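Mind having a look at this structure? Questions to follow.
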Amino acid sequence: MLQALLDFFKSTGFYGLTFGSITMLAIASLLLYLAIVKKFEPLLLVPIAFGVLLTNLPFAGLMAEPIIAITGDMIHVVQPGGLLYYLYQGDVLGIFPPLIFMGVGAMTDFGPLIANPKSLLLGAAAQFGIFITFIGAIASGLFTAQQAASIGIIGGADGPTAIFLASKLAPELLGPIAIAAYSYMALVPIIQPPIMKLLTTKKERAIRMTQLRDVSKKEKILFPIIVTVIVSLMVPPAATLIGMLMLGNLFRECGVVGRLEDTAKNGLINVITIFLGITVGATATAEQFLQIETLAILTLGVTAFAIGTASGVLLAKLMNKTLNMNINPLIGSAGVSAVPMAARVSQVVGQQEDPGNFLLMHAMGPNVAGVIGSAVSAGVLLSLFGTN
Amino acid sequence: MLQALLDFFKSTGFYGLTFGSITMLAIASLLLYLAIVKKFEPLLLVPIAFGVLLTNLPFAGLMAEPIIAITGDMIHVVQPGGLLYYLYQGDVLGIFPPLIFMGVGAMTDFGPLIANPKSLLLGAAAQFGIFITFIGAIASGLFTAQQAASIGIIGGADGPTAIFLASKLAPELLGPIAIAAYSYMALVPIIQPPIMKLLTTKKERAIRMTQLRDVSKKEKILFPIIVTVIVSLMVPPAATLIGMLMLGNLFRECGVVGRLEDTAKNGLINVITIFLGITVGATATAEQFLQIETLAILTLGVTAFAIGTASGVLLAKLMNKTLNMNINPLIGSAGVSAVPMAARVSQVVGQQEDPGNFLLMHAMGPNVAGVIGSAVSAGVLLSLFGTN
Amino acid sequence: MLQALLDFFKSTGFYGLTFGSITMLAIASLLLYLAIVKKFEPLLLVPIAFGVLLTNLPFAGLMAEPIIAITGDMIHVVQPGGLLYYLYQGDVLGIFPPLIFMGVGAMTDFGPLIANPKSLLLGAAAQFGIFITFIGAIASGLFTAQQAASIGIIGGADGPTAIFLASKLAPELLGPIAIAAYSYMALVPIIQPPIMKLLTTKKERAIRMTQLRDVSKKEKILFPIIVTVIVSLMVPPAATLIGMLMLGNLFRECGVVGRLEDTAKNGLINVITIFLGITVGATATAEQFLQIETLAILTLGVTAFAIGTASGVLLAKLMNKTLNMNINPLIGSAGVSAVPMAARVSQVVGQQEDPGNFLLMHAMGPNVAGVIGSAVSAGVLLSLFGTN
Amino acid sequence: MTTTELLATFADPKLIHSLGIGDKLSAGLITTVLGMGITFSALVILLFIITWMTTLLNQAPATVPEVPKEEAVTKPGINTTANDNELVAAITTALAMTLKTSTSNIVIRNINKVDSPTPNWNKAGIIEQMNSRF
Amino acid sequence: MTTTELLATFADPKLIHSLGIGDKLSAGLITTVLGMGITFSALVILLFIITWMTTLLNQAPATVPEVPKEEAVTKPGINTTANDNELVAAITTALAMTLKTSTSNIVIRNINKVDSPTPNWNKAGIIEQMNSRF
Amino acid sequence: MTTTELLATFADPKLIHSLGIGDKLSAGLITTVLGMGITFSALVILLFIITWMTTLLNQAPATVPEVPKEEAVTKPGINTTANDNELVAAITTALAMTLKTSTSNIVIRNINKVDSPTPNWNKAGIIEQMNSRF
């Protein structure tokens, strides 16, 4: 009886607790605090944090791989895997991020971008952070090119793109990369303003832009089709992300499939957000997460955000000077995506100079262009460093 | 550097564009036009058309098969497949069509059929188009029996049934068959009226039918159970389609599982419609679609619709003459299913003769009977030509 | 031709009907009657009953396993399995029950339990039925320890827990166990009152309890996190069920992820309820179900309920006497879970003594504690008798 | 070649091309006869059974259909009482909250339910949610 | 080592460690130039095509955009008639039910539709549900 | 046979039949003791921790619980300002559209928010949608 009790104690999680797993439980609690009390991207941080919690409970086995036996033409499951192992297949097989993008497309109004297509340039410039960070990661000597690319993409400020790329190039870093990406996206209102103010003059920040024209329904319908075809022809590995983003947007704009639009942007995206969040969090086990690499990723990630912000602002200034345009450079920073937070930051920083200046809609152009931009950059990285 | 650029160009989709893929992109645009501007079955044609688009973008690899390695008792994914490859498993494994049928069942009121069970005969007669087209496809010498059966089923005018059968008997023809089925279903208001007028006299078209009796809740609850048991015993391979159709209907009629009814006919069917639509479209690659067989399928498909329409009308006339009934033969054409379009066509053609004649509810009987009828015929074809 | 007709007849289900399959069809009808007319747990009994119906239609093959061929590194599907076979994977791989628990968590208010944590003791006591029944099943000589554990868990009065444990320990008994669990949960208002009255005095049944204090939002947010950590550390195999239950509850209480809460407790749980219901029913084939073991399971199951009820009531009485508390022992019976039926029974039986006595909220404490209790007991059984 | 052999050859995608056009058409005709025959048979049988069912159900319109409905409402008597009592409890609680007094000071003796078309278990929010729990 | 070889080595997780820091940084720079170059090219091409599209579409603001809209409404004439007639049917039925007379005794000659912002097929519940069926 | 051996044999579906009824019942009893023991222990530990938590949380009802709430509202100051300013922007835009004048001609100096029970980020449709984007 005593022996049985002792055996049982050895099977409890208390027996398996390590300093690492306790640290991870503390990190999970911190993330929950940020998500719930500080309201930092709660829709993703709550599931991610809970995933971190669950995966670091010793012996719980939620990410356990199944044990199978192959005899002749039969595949027999000897012992099923853990719940999160199965849900995680949606990440590693690259299924969940594009489906989230479909929902994002169904929520996104590309009107401001169509009204002012030059926003696309700002959306491109902001991806500079991705590549400079890539070089930084390479220079650190800690990472392979695949890992460095996955770290750089944090600068794209787009959760699904980061997860899509990391799951294909460096699944072993998925946890820290996803956590860094979503944390920094939540911190955009803190990271961006100092950089924006440093790089602009008072006068530039007060520039008022001409009101955006109305965009016709027909333009909005043609836009997703054109973007899909052009981007996919230029960068085929970006087709999955861009294609699904644009399919969702077509559902939204075509006006004849309201049922599908509704499902894409509500029921479906919610389910996948839950699954993706928990499983991405569940990759952050103590052994994987408590590494010097994680610290490097966190440092490089915030650098990527900063450089992206700066690049967008600087290109806007350049366009003003060389092309004689009238762009408030504050909307350049919105090109990092982090929709819609970055656009809101442009608005707020602008109004600190001139309370009557409404940059929000102008900033939405580079903001949504940044989503396309980082998907394109992800496609380039995939084609350079992917196995396909 | 130049070499790298050249290498990169070779990896772009532009390099891979062929006459075939450009043609398919044009066809995708045409389908989008029909779906969005002409409003032809947009709920399925929008996803199908977008699937055609995505699958014909060179090197995008959305339908790429995964590469796996088997070592001992481990199955290891070397390279994940494309997004649409995974979603497509729901089609080839026969999972999506029955789930769509569950939603259809939850939407369908079988009351008019229960009130006038003789509609079942008209729903059976209209399946004649399936088998005559089958013989035509065989006679063309282009097709195997399995392929001919899958082509014939287009005449059943039921998308999920056509996809279910084609995915089991002739998956290589799934794309053209699905596109033909949904296009012709959308064209029912153009295909049917001339045939209906040709085969009926002015006097017949003006026949007024006696009002349908009310159907009690109990009859409506027993109906799906009885149909499931009887049809599944008669034609076991039809059990999956009919069973799920009737389960959905039972959810609807039993009145105690409103949550499940709602999910079956909204959230679930929408998600599956998206997945099924894109992936069915994605089977229509240039190599598969731009074949003489596709032209034959399109021709045979419209023939099937025409013969089905005629058979329904003629049986209604025969019933009037031999059984001394008072059936307006215009409701016979509704037996091809294409719910509710075909029933509406009966109504409209009838009112062209006599504006005070309301055939809609009378036509709904054969219309929903046609759904059962074509599922039964599909079951017979499966049992004759399937591997099981 | 005649030969073909004869061949065809041999392929009809009529040819395959046996006494067993007819009996099962009758049982399916009985379950449908109970679900629809008697409104016994219709949300699960309607799908379960329809699953029983479908699986016992000869040759319909809805649960047919796929035939695959393995050649080198390719796995090729020679013939797809039946629809229900694929959906059933969600049961055998242990995916569906925890997801249902997530939805349950999103629906459950643990406030009454936090306000009166001593309810946890009653929730623990009621699990006694599980283990006494386990011994009974062992004593019968008919069952292995794994099967006996799966039968005992019926006394936990929690459908998902029962299905989770049975699918891991004794999948061959899943059908009868699930049917017994849900039937007895529906019969709680008939099973419990006589036992409750037998074990209590008139005076005890009239005890009025002090009103529960309000529980703050912060307590409600911390509760699911604490329960997850503590229970998972104590009994790691319970982590999946408890973790998902508490994640759903955290969605509900944290107030910042309304979208996810809504999806967890509506769209997602409904879809999974349909799939789980049909497939659990589909395991009840004539060969598996019409066995002496099924009769034993039904008898042992009701015993488990009765013992659980009694244990809860007796512990409440004991707490009154030894700890000088003021607990109405009628709320002890609610510890078996069967939320919220058992709590309602406490309320009703209490009001038969004193119509002004409102025990409902007091009984909700042990009621939801019983959910945790049976998940813990299931974890213990998994760790003793599971393969992991 | 017997009909069975013909159909077997016809159904084999690898062998069908060995058949002449005549054989193929014969097989096609047999398929059509079988297919339409079975489709008609199935739906005719359905027609008879449904007609028979509706006749049975509508024979005694005033008595038979009513019984099970009443049964459903009254048989699980404890349940109905439960619902009523819960309703009382819920209303009492609401009143108490409004009046800021303790629940136990109020006793509602009876409530006359006004029939509503929604199902019984849907009436009060809390009861609905409880019922939707499983 | 050519650029191609360098990039190939760089892209191979097993070989990258054989590269010196200088080679790695060169490869990183090439990646950056390629990456930003292609990202900019793609978005610039998009910029031109979208500008060109909007110019085309907005050239003749009064005539071109209107045409297909009208087409969509009027071309499938039978369908529109159908909708109108169904509306008539639905209203007739409702009236009949209210008046407790048979449908065939009432004829509604015409109905003036009041435009509503919802899509056409969404107007009547039954029609909507029918259309959402596939 | 030690307890460990007995339980191991008992837990093996292939070996359990080698046990006598007495051994089986002993193993069953051990299982029960272990099972109920652990179930009770787990819930008792929960009981203590929850009691301890609620004591902690409710010790200083007036000060401690309020702080983080306020913090959440005021700390990310830029964000709050953002929301207010956006609200101003949204209202200005709406007014401008009504008055058919350009937005830049109107300046709203201040808006007194009326507290509403919905979460902050849910107030304006556009802001809600933006927040629900990720």
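In this document, chain identifiers A, B, C, D, E and F correspond to the written order of the chains, with residue numbering beginning at 1 in each.
Rule of thumb we're sticking to: a contact is a pair of C-beta atoms (placed from the backbone, for glycine too) under 8 Å apart; a residue touches a chain by one contact, two chains touch by 3 or more.
Just so it is clear, the structure is predicted and the values come from calculations on it, not from any experiment.
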Given subunit D and subunit E, the chains that contact each of them: B
Centroid comparison with subunit C (C-alpha atoms), farthest chain: E
Pair in A-E, B-E or C-D that repeats C-F, with over half of contact pairs matching by residue number: A-E
Distance between chain centroids, defined by C-alpha means - subunit A, subunit D (Å): 45
Intercentroid distance (Cα basis), subunit F paired with subunit D, Å: 38
Separation of mean Cα positions, subunit F and subunit A [Å, integer]: 23
Interchain centroid distance [CA atoms averaged], subunit A/subunit B, Å: 39
Residues of subunit F touching at least two other chains: 7, 34, 38, 132
Where subunit B touches two or more other chains, by residue: 8, 39, 43, 70, 75, 234-235, 255-256, 259, 267, 273
Pairwise chain contacts, counting only pairs that touch as defined: A-B, A-C, A-E, A-F, B-C, B-D, B-E, C-D, C-F
Complex contact set, residues of subunit B against subunit A: 8, 11-14, 17, 25, 29, 32, 35-36, 39, 42-43, 46-47, 50, 53-54, 57-62, 64, 66, 70, 72-75, 77-83, 86-87, 266-267, 270-271, 273-274, 278
Residue ranges of subunit C touching subunit A (in the complex, touch as defined): 67-70, 75, 92-95, 98, 102, 168, 221, 225, 228-229, 232-237, 239-240, 243-244, 247, 250-251, 254-257, 259-260, 262-264, 267-268, 383, 387-388
Subunit E residues within the subunit A interface of the complex: 7, 10-11, 13, 16, 21, 24-25, 27-29, 31-32, 34-36, 38-47, 49-51, 53-54, 57-58, 65, 119, 132
Touch list for subunit B against partner subunit D, complex: 114, 117-118, 120-121, 123-125, 127-128, 130-132, 134-135, 138-139, 141, 144-146, 148, 216, 218-219, 222-223, 226-227, 230-231, 234-235, 255-256, 258-259, 369, 372-373, 376-377, 380-381, 384-385
Footprint of subunit F on subunit A - complex, ascending: 1, 3-5, 7-8, 37-39, 41, 43-44, 100, 104, 107-108, 159, 182, 185, 189-190, 193, 208, 211, 273, 339-340, 344-345, 347-348, 351, 355-358, 360
